[in-house]
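As written, the chains take the letters A, B, C and D, and residue 1 is the first residue of each chain.
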Amino acid sequence: MELITNTRFMLIIASTLLIGIVIGYTIGYYMGQTTVQTTQTTPIQRKYILGVSIALSGPISSICVQWEPVVRMAIDDLNNISRSMGLNLVFEPYILDDKGSPEEALKNAQTFYAAGIRIMIGPPLSSQLKAIKAFSDANKFIIIAPCSNSPTLAIPGDYIFRTQPSAIAESEALAVLAIRENIRSIISFHIDDEFCNVFSKYFKDSFEKRGGRIVHEIVYSPGQADYGTDVATLASFARSLTPDAILYCGYGTDGANILSHAAEEPALRATRWLVVESFYGASEVLVPKIIEFAQQVRMIGIRPAPLVNPLYDEFVNRLRNYGGTPTYCSENVYDAVMIAGLAVLRTGGSTDPDELREAIVQVAKTYYGPGGWGLLDENGDRVQAAFKLWTLSMVNGTPQYVDIGYISDSTIVMES
Amino acid sequence: MEIARALICSYVFSWIYILSSIPLTLSYRTTKVFNFAHPVFITYGAYVAIFLNEFLNKNTPLFIAALFSFTTGGLIGVLNYLLIIRPLHQRGASPNVHMIATMGAWFVYQYALYIICQVLMKLRGASFLSYPSVEYVDISYIQRAIGLNTPQYIVTSTTLGLVVILSLYVLLNKTMLGFAMRGIADNQILATLCGIPRDKLMALTWFLTGGITALSGILWVNFSGSTTPEIGLHVVVINFAAAFIGGLSSLLVTALASAALALTENIVFLFLSYHLGLQPTIRLAIVFGVVFTILVIRPPLGAGGGLPYRFRTRIGRKVAGP
Amino acid sequence: MIDVLSFAIHWLTYFTIYAILAITLVLEAGISGITNFGKVAFFGLGAYIGAVVNTYTLLALLGYDVNTYTPFTAQGVSVLSKIAASEPIIVIMIFFMSLAISFVITGLFGRLLIYPVIRVGAGFVGFTLLSVGEILRAIYMNTHFLGGTYGMFGIPQPFTWLRSPVLSALCYLAVTFSIFLSAYILVSRIHESPLGRVLRAIRDDDVAALFLGKDVPRIKSSVFFLTSGLSGVAGALYACYVGSVNPQMFVVLVTFNVWAMIIIGGSSSPMGAVLGAALLSLVDRLLQYATPVIGGVLFSADYLRPIFIGCIMIAILVKKPMGLLPEKPPKITAGFLRKALEEIGEVNEGGCDTCD
Amino acid sequence: MKEDAILVINEVSKYFEGLKALSKVTIEIPEKCIVGLIGPNGSGKTTLFNVITGFYPPDEGKILYKTLSGIFVDITGLNPHEVFKMGVIRTFQIPRLFPSLTVLENLLITPLNQRGESVVNSLRRSKWLREEEELVHRAVNLLKTFNRLNIASKYPSELSIGDIKLIETLRGLMTPARLYLLDEPLAGLDLHTARSLLRLIWKLNKNHGLTFLIVEHRVDLLMEIADFIYVLHNGSLLASGTPGEIINDPKVVRAYIGE
């Protein structure tokens, strides 16, 4: 009797699931149909689905959730291109949440692959990318990562491309800037993750080569409740070692927390602050307290961007229509989707990985987008050697990120 | 060494931890349920304050935020009780089943919050997934009026913390309701036989648990520079540690343990990192190390059970000769 | 439309690895009453041991300088992928060696840990082990040799040299599946045996078991050796499957995923654990196909996936609080009982060897 | 010290937060005898059992036990399972059956050194199947003696209080030991069952030479089989002697009726 109820119960569960999935499919199918019918007049349509794996939840979700409108915008742009070229290819995003976890990212990649998708945009973190690398290598699954720039993944011949410029050139540019600003001793304060570790390591190399000195390095762990004590530690060292500046690398959530604590610390108000682009665009940093602090410490940030790029401003403006605000890497996400889509168009909608890989390399050579030139090096990583300098200040009474200059080939130009 | 900041941090954190771990112990003691949905109360409490702040155009008074948070947290607690805990209890489920069911509830609430945030984001254009700190206007006003220049969160946490702890003390020790709750905690069957309405009392316990825990959320948004839907999880780890050190039964030890953990996390750690050059990355490991040591060296008495300690101290002792 | 073979291979590999964890957790928590909230500590330790053995040993054996070719730099990873494709015998040998080493070291770690942990009351064992997991994670993060926050990657999958991704994945699945199967047989045999009876008795009332001559700490520690060792093997399998390890992979949530599997399946039956693991991992993967299609204009559709999973968990538990497959008395003993009763039924004057 | 004693309790005292539970109790249990231990509630009988079996270490005094080889060893403060392994088995006054084990399994748990109890052997069924079958037979026969075959596969929660009590005692009798400490084995049993239990104890004692120390409130029944009786009162030994002597002892009568 017990066994019968068991099996019956399991049958009920299984059938509910099945029914749910069937209903889901039908709804999705018809929804897909209707959207296609309203936007398209040609009867025969080929759907081409791009897999997108971003961290919609989890510790880095505040950044990544802003990428979803970017993806939708890029897909719309691709469809416009496809239509204007008279092709019957319609792109569709397939967005899955990877929670910022390596295991979830791998699961997403496998789900995409089994659904016949051959190109994936994402995941955001280098650690996630590493967890997929073996799968990508074995199955020739193409990944365009918008936000990973760790040199440990600069491996030639694989199926992983990255549209975020390498941290090496950027850290060198910041070192040049620091020397020019008469900064000779620095405390490096950064989050313990791959991007910031790499940045600080390369910064140290180039800074010490130019005669500066990293007097101390403080690393704090990501995903904590609060960073007050870490700021206290930093302040203690800043008081005893009296560095010329503090190099800070962190993201929006921890950055806002740390900067608001730092704003109350006299020892930290007395030094300069150099920051990295990882919290550029984060809205939680834009509070009067932090702006005042940034002014006080003459904060300078760096971010990879071409010297003049009206496409970026246009991108920011258009993104508003999609309900998004630009955050860290959003222009790279746009470029990643565009390069993927253009490569697909170039092959005429192929799913052959080698053909697609070749097309991506070729498309990238001539692609120019909000993140600048798309050219990829032999490791499949974006080449970019121009950087903008930015700070936080009040513009017409609202706190904003403001560009204050640029660096190109060791030439530093400060506006105003 | 910047002792001042570490002191302030541990002070505010003590209140946040106390307000969130005392209800955890209280709920376990009364209902014998490991509530894995506990972080939900903190997170929702914080987000109620954030949404209020956004929709009142950054003019949120503390008492309004407290009222709304308390109600929301309390309602979530009661909802959990009615939909999950009571049916499971009636079917005689084991504590582990309660634990996993509340974990399922946690998934639901957590992602419901993400959805709410995203919908509101589309409506307001502000990012809710990471939100800057909230200033309470009434506290600012009082501070200006009496010329108190300390950071606002010290005032807020002291006021709210003292009010809550005192009312909880009065409720538990001076009213019939408190006696009934403690009766239920000591012996459910006996208490039911004595005519204590078990169901109502349980619902009330969950209401209080949810409400008080949610209040720690509104302290949090006042203190921290950024709030995300994940904060409940960060705080709850310490809550569980404190509750376990308190033997899952003693509210006083739980409160002391919360304060001690806040101190360890901040002052002890600052000392270690400044003098021994330890990196902040091992901060959490130190906290867990302390918890591990306390649990192993002085196992708490209480709901834990297990083999009495003396049976394990003399393992391997030789049989004495004739 | 969906490539069923590829889906099945990857789901099954993932499922078998988690099922090993779930089965061992059944033996620990469901049968012996050790509430292990630190499952991920042993899983992670095994994964890291697997990663170290499969990279450093391999590199050293083939004469590479492990200081330049570390498994968390681009050079090291390139070399490793070359080795994986060209040296089948040594890679497979090292792979199986790594499983054995993971078993022994993780098992010993568990056995050592049980002595301080057993002093703590049963209700507190869980949190004590949870703290161990978090401490270990901090150690990985701060050890340069283990790659720190970079983690280690390029861990060779032992069948990469087969060239065909499906074939090598199938071979690997065969390995994980056979280990899963042996773990299952192991645990269900223990469950059915007199040892299983003693373990269940200890779970019910360890003081009474002590008075009935059972050396509770010793029995618990030997069982914990076995289960921790198997969790370590699962970890090593996971490391080679994913090809990388990272401190971020071994967070507390992993433990509670496994807990959810065994509670939903029925916490004290090995078959229940398998069922729970299969159900939860399959539902999650299937929903990945469903949720994005449901689509939302107001919010990201994939947020619905965890909400569905949470609702399914609650629904199952409220409907069946003992899990899908509740505990049953062991069949063998019950069979003997029936046999004995039949014999007595025939021979009414059955002898009593104790009483006369 | 008598040479024929199996257990010698020598001036044992036990205090609980100043309260004297046992004070300088000296008892000798002769081998191959049935010894009764009686006394009013709170006189320290169960505490004495707990001290002998290692639940509490005594505050003073020594407990000596004669091993098979005939020499006395000091078992004061040994761990419970070590005391058990020396051949001393106790039952509990408030039964502690394992709730998730069937009655049969509860009986099967007692026998010491079962082959299937080691991790390695438990994996190889051939190693323990035969022994298991034998044990099942023994358990079934034991149940049959008391006409309780119908409860063999029930769980303790489904039993009557008397049956629980009986199983608690039978669990102790499942395995041959040299000394049984039975804590109120007759409580809650109907007269018929109680008499069959006593008959079993008597048989075990006479045919196998096993020693029993029985705490019992149903003194009348106990007197039928006991060879010797000790009377405890307020933690100290009040009287000792054969059943006939005890019945006629005015001190005992006063202790029972109360002052």
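Keep in mind that, in the parts below, a residue touches a chain if its C-beta (ideal position, glycine included) is under 8 Å from a C-beta of that chain, and two chains touch if they have at least 3 such contacts.
Here the structure is a predicted model, which means the values were calculated and not measured.
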Notebook entry, point to check: What chains touch chain A and also chain B?
Noted result: C
Margin query: Centre to centre, using CA atoms, which chain is the farthest one from chain A?
Written below: D
Item checked: Chain whose Cα centroid lies nearest the overall Cα centroid -> C
Margin query: Based only on mean CA positions, could you tell me how far chain B sits from chain D in angstrom?
Written below: 49
Next item on the list: Could you tell me the distance, in whole angstrom, between the mean C-alpha positions of chain A and chain D?
Entry: 73
Notebook entry, point to check: In angstrom, rounded to a whole number, how far apart do the mean CA points of chain B and chain C lie?
Noted result: 31
Checklist line | Separation of chain C from chain D, taking each centre as the mean of its C-alpha atoms, in whole Å | finding: 43
Next item on the list: Provide the list of chain B residues touching at least two other chains, using ranges where the numbers run on.
Entry: 110-111, 114, 118, 122, 279, 281, 284, 311, 315
Margin query: Please output the residue numbers of chain C that touch at least 2 other chains, ranges allowed.
Written below: 138, 141, 207, 210, 216, 300, 303, 306, 312
Note to self: Two-or-more-chain contact residues of chain D, please, as numbers and ranges.
What the structure shows: 79-80
Next item on the list: Write out the stretch or stretches of chain A touching chain C in their complex.
Entry: 2, 6, 9-10, 13, 17, 20-21, 24-25, 27-29, 31-32, 56-57, 65, 68, 94-97, 100-103, 106-108, 110-111, 113-116, 126-127, 130-131, 133-135, 137-140, 150-156, 192-194, 197, 221, 379
Notebook entry, point to check: Which residues of chain C touch chain A in their complex?
Noted result: 1-4, 6-7, 10-11, 14, 72-74, 77-78, 81, 138, 141, 148-151, 153-155, 157, 160, 165, 168-169, 242-244, 246, 248-249, 251, 279, 283-295, 300-303, 305-306, 308, 312, 316, 319-320, 324-326
Notebook entry, point to check: Which part of chain A faces chain B closely enough to touch in the complex?
Noted result: 56-59, 61-62, 65-66, 192, 218-221, 223-226, 228-233, 235-237, 239, 252-261, 264-265, 267, 282-287, 290, 323, 325
Margin query: Show me the residue ranges of chain C that touch chain D in the complex, using the header's touch definition.
Written below: 186, 189-190, 193-198, 200-201, 203-205, 207-216, 219, 222-223, 226, 268, 327, 329, 332-334, 336-337, 339-341, 344, 350-356
Item checked: chain B-touching residues of chain C, taken from the complex the two chains share -> 29, 35, 116-125, 127-128, 131-132, 134-135, 137-139, 141-142, 206-207, 210, 216-217, 252, 256, 259-260, 263-264, 267, 298-300, 303-304, 306-307, 309-314, 317-318, 321-323
